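Two complexes, one shared chain (chain A), two partners (chain B, chain C).
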Partner chain A sequence: MSKKYVGKDVLKVDAQDKVTGEAQYPSDLKFEDYLHVKIKRATYPHAILRDLDVSKAKQVEGVVDILTEKDYPDLNKFGLIIKDQPVLIKVGEKMRFMGDALAIIIAETEEAALKARDKIEVEVEKLEVMSNPQRALEKDAPTIHNDIGDLCTNYIDPDVGKQNILMDHHLEKGDVDKGFEEADFIVENEYQTQHIDQLPIQNEAGYALYDESNDVIKIWAASQWLHDTQADVAQAMNLPKEKVRIIQTAIGGAFGKKEDVSVHLHLALAARHTKRPVKLVYTREESMISQSKRHPLTIKAKTGVTNDGYLTAWEVKVIGDAGAYASSSPAVVHKGMYHCTGPYNVQNVRGDSYAVYTNNTYGGAMRGFGTTQMAFAYESQIDIIAHKLDMDPAQFRYQNAYDIGSTTPNGQKLGKSVNLKRTIESATDLAQWEGEISE
Partner chain B sequence: MKKQGRGMASIMFGFGYGEGFPDHSIAEVEITKDKRIKVRTAGADLGQGFLTTMTQIAAEVLKIDPSYIEIVGQDTHKAKNSGSTSATRQTFFSGNAVREAAEEVMGKIYHYGSLYFNSNHPELTVKDGELYACDECEKITYWELAEIVEQRGKELKAEATFFPKTYAPDRKTGQGEKIYVAYTFMTQVMDIEVDTDTGLIEVMNVYTALDVGRAINPQNVHGQIEGGTVQGLGMAMMEDQVIEEGITINADMTNYLVPSIQDIPNFESTLIENNDSGGPFGSKGVGEPTIIGASPALSNAVYDAIGVRIKSLPITPEKILNALEEKK
Partner chain C sequence: MKISLTVNGEKRALDVKPETRLLDLIRDDLGLTGTKEGCGKGECGACTVIMNNKVVASCLVLAAQADGAEIKTIEGLGGKDKLHPLQQAFIEKGAVQCGFCIPGMIMSSKKLLDENINPSEEDIKRGLSGNICRCTGYVKIVDAVKEAAHKIKSGGEENV
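Up next, the complex of A and B:
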């Protein structure tokens, strides 16, 4: 089935603009007479904000205004799946991580905005900082979010504290106990992954402008999902969606990091307040501290195997560090679990996953969405087992590999496009792998 | 001493949001009198080639050179929802929406073209932006047809939505009929060299076979394999945002290490193309799967090279040296 344009190496349609510098990234946009925005952020990872004094900061020459929660007491919280992140922290309420925003500084120059930011006085009452999800799961751990409805099921291990569990998910396929009984040996290990920044070259950045003629706030900033960012900004500001217009700029990489709202809300507030164009560009430091991370996952994996090299049961326990806010956590941690066996036939699968609030920078979307971490666990297990069996790791994979008709840990039966075995054959061919592979 | 090792990883990735989430993309295709074909989509191009993929799909269906295709609507007020560029979904979701919208427009080209030429549909030839009823007959261009259609008060324009169904898994068992629209598979073999004095790892070769269904743009798929793998090697060997008691202590690119040009291995890759998935022309998504194999393939190669198993990421020189010390 030969095609004329599909299957061909057509040059990227935006390549020339990017190479010549024609492409308009947020910082390349030109606005007359624009103002600079900077954000004053949390001073402690877990604390009650007792006082926020911007009076000295407002006196800095060039400062147009400084906005705090007092100016906008009716804003709603935002977030991709669960709305749990405040736009600005209110005096008397908690900051939960170092990225929480306390004040929006608007000034004629960047220098003035930065100088004013240093003059904002913050008083806090420190609380216990929970950086380790294991601590957050203890029954006596303080609660990070008191006002989130209970999203948990009744299937949580009764020995753990539920107060910081954002969401739990479970797998139960086949008869796992019987599967382990049928095994000739069991391999059990714990794996740990780390916080990773998606590190797109372009940091979060944008402009906004309030159009008084039609009461529309226009925002020029990158988003991986324009209409979702629009909806999140609009609901936070109690506006109809049509009143928030988001215009995509050229995007300098994202990898999941540009799914969450970043500059958009603070820009929208500043633009509407000043009725002038406003610009906000994060520094790398600010981007790393205040926007989403790849979740560290703690994965306990237990695999039952027969001496002839087949998998009889697989069990996982997954704890994901969700950090201070939900972001994509309600989807990421268990997506990892749903891929716990890798692409191998296992009739009996059990799993529990917990996404746990901590005072770390929040976990969100990053390329692979939990399954990248899980692959480190399952493919380590597979390799360890192959060595125990003294079997060629390629052959061990091949004889357990998914095919048409295989079922995933979710019990989804795969009906088409399952060419895993071909990938094993081809990759080993390319690598001139020693050893034969057979069914 | 330098020791060589070889590791393998096979992975799967269920793409699209799945789990019963109302995942869909809307796209519109229009032939305009100014000799353009406008594809309206709000989908974001993050650098991977979304705009190019949509261009190729529209060009293929509409039988016209890709240079005539223009992607418009990167604006909440100018296009409808295309879903996110995430979850490895855009080629599959927006690609199908663009394909369907383009097919609708092709149907209109045949409809109005056959009225103009007073022919039946099979007699009509549509090719390279022109249509004609026989080889020696009059030809008209798409743009001329757009003008003719406009005189009838109609447009050569169509919108389509791709909205496949998935089901929410049971909360207690996680079981369900269809949790993800489809899965992508990949196998990688990685050759490395470990310096047992310094603990440094050098990745020499990466051999990849990726089950893509069909590559809309093979070069861009190879780009995904290489970019994804290198990003995965960052996770495997160096990247670590260290947060101590809630405070990031390396929030800068001096102390947060990522792969640079000198860390990039040789690549040899094969695309498995059976045209057997549900995306446009049998394709499926590849963006995320390409990062997933790197960390286990590297870890397994480390074991092959020096006989130690590191179970926490990243696999730093310090961890290698400590593990070698313990092994003694």
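Up next, the complex of A and C:
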């Protein structure tokens, strides 16, 4: 291994600009004669938009224009993996969570934009709000997305309603039924995690500019998937990719939250419409309401154990609250499931995971991508079992720990760099753990 | 309404609206965008500046309240030609990740070291308790403040 950098302090190339305040995050950029953009969002988490009247709002002094779906009826939906999120909600169609955009307000000042936003009149027909995925899985639950294809496998429990399941996964390793037969006892528990906001200190923000000379829209915004965002914005606006440029600014934290499109599409539309620079900065509330969260997972774990403290079988059922739109849910929820045993050897594993649409703010990427929630479940399960066995929990972990040659629930054989046992040895040493650890 | 104040040693006279916050005055009217807005509610500390020798969340101070005040922002601390020991220490100790909280962190640290050049780890933690770093780099930030205190002590007043 190269020793040029490993084990040495390396100064970060961008640190100096950041300690002097010179680094330019999106809202620090300076454009001449720019316009302020604000978004009118949903007024109810699950409702049909019956009427949207922007006429009074347009009268507010300083308002340049207000854009709705009527102005752009040909926009396509967007999304990281599945394109299911509308750019603007159409009259007669549904708003599915409080972050859905109804109108783009463009004004000379921020005050005018905010005043106009308050004057937009919205009429809705309220529908049942499903804030709990358990309700969304019932057979009589209303369907949140009527136009989404069936991504369900044939493993789905027949008692469950499929209409709000975005995607499911099934995992099978070894012979789980035999594994449970070999167990001396079985421990079953249900774990529940909650929404968590990634909360980067810099809220979503950006500027956009339309260059008439070459028909290119330029967007300055902090983004985690620069090229995916470019492609998504372009497809939503029916443009070739080269007509959209995303220019990365300094990014004030993201932790997964800035993987999704946020300000980009609304800025692009406003810039092309007005042919002036436009600026959109989310407030913290807006960021929390309209951008992704860590998924709440409901995890049912069933573990077979022998009296001498070995794991014979592990079964999980995972229900992930995807929220109103798919975002990274198809990947996050099942990734959580594939980590169901943690770093512990289990020959027989079975799992089912459902990513379920609800009317909550959508779940997306956040540090760990589903594995953090699952760690809460399996480590709790391990501690509970160790307690039942009256065994030192460090020893219980150690004797079940992954080593070279172990296989993960999805069948990957670990060939190198498996340091869990050494980690437990070091951790117990450093903690001056009282128990003795042995094979 | 017309106000006058001193920002980073320079006298400024401005016409501000009643609802203008000190943060808006600093960022929009004066163009000093080193001071950041993270929450607008005095929770995160990204907008921390020093006003009349006190650390304030500039999002919670109206511009009108700063009439006659002396304000110091990150731009007043040191530029790339002559970094303040705190800025130098933050770079050397790897205390900067995304960087968005750093101007506020450094201003709170400045106030702390102005009052106590021998801070204990607890003093540093208390001094920075109003500043949130979501990259969770607190260990290195505390190291950087210790290092800055060391630099200032060994370099004398001219460094500050």
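As a convention for this text, the second predicted complex is superposed on the first by the 436 of 439 C-alpha atoms of A that agree within 3 Å, B and C clash if a C-alpha of one lies under 4 Å from a C-alpha of the other, contacts with A are read in each partner's own complex, and residues count from 1 in each chain.
One rule holds for everything that comes next: a contact is a pair of C-beta atoms (placed from the backbone, for glycine too) under 8 Å apart; a residue touches a chain by one contact, two chains touch by 3 or more.
Remember, predicted model here, so these are calculated numbers, not experimental data.
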First, second, both or neither for A:D228, with chain B first and chain C second: first
Partner chain(s) touched by A:K416 [first = chain B, second = chain C, both, neither]: first
First, second, both or neither for A:V19, with chain B first and chain C second: second
Touched partner set for A:K30, first chain B, second chain C, both or neither: second
First, second, both or neither for A:F255, with chain B first and chain C second: both
First, second, both or neither for A:N203, with chain B first and chain C second: second
Chain B versus chain C as contact partner of A:T372, first or second or both or neither: first
A:I148 touches, of chain B and chain C: first, second, both or neither? neither
Intersection of the chain A residues that touch chain B with those that touch chain C: 9, 11-12, 14, 199-200, 251-255, 284
Parts of chain A lying in touch with chain B, wherever the complex brings them together: 1, 3-14, 44-46, 97-98, 129, 131, 153, 155, 169-173, 189-197, 199-200, 222-228, 230, 241-242, 244-248, 251-256, 258-259, 284-285, 288-289, 293-294, 331, 334-335, 337-339, 342-343, 351, 358-361, 365, 367-369, 371-372, 375-376, 378-380, 382-384, 387, 393-394, 397, 401-402, 408-412, 414, 416-420, 422-431, 433
Residues of chain C that touch chain A when the two form their complex: 31-41, 44, 46, 73-75, 77-80, 83, 86-87, 90-92, 94, 96-103, 106, 132-135
In the complex with chain A, residue positions of chain B that touch it: 6-14, 17, 19, 42, 44-47, 49, 51-52, 55-57, 59-60, 63, 65-66, 69, 71, 74-77, 80-87, 169, 171-180, 182-183, 185-189, 191, 205, 207-211, 213-220, 228, 231-232, 234-235, 239-248, 251-253, 256, 258, 268-270, 272, 274-278, 280-281, 284, 287-289, 291-293, 295-297, 299-300, 303, 309, 311-314
Chain A residues within the chain C interface of the complex: 9, 11-12, 14-25, 27-28, 30, 198-203, 250-255, 283-284
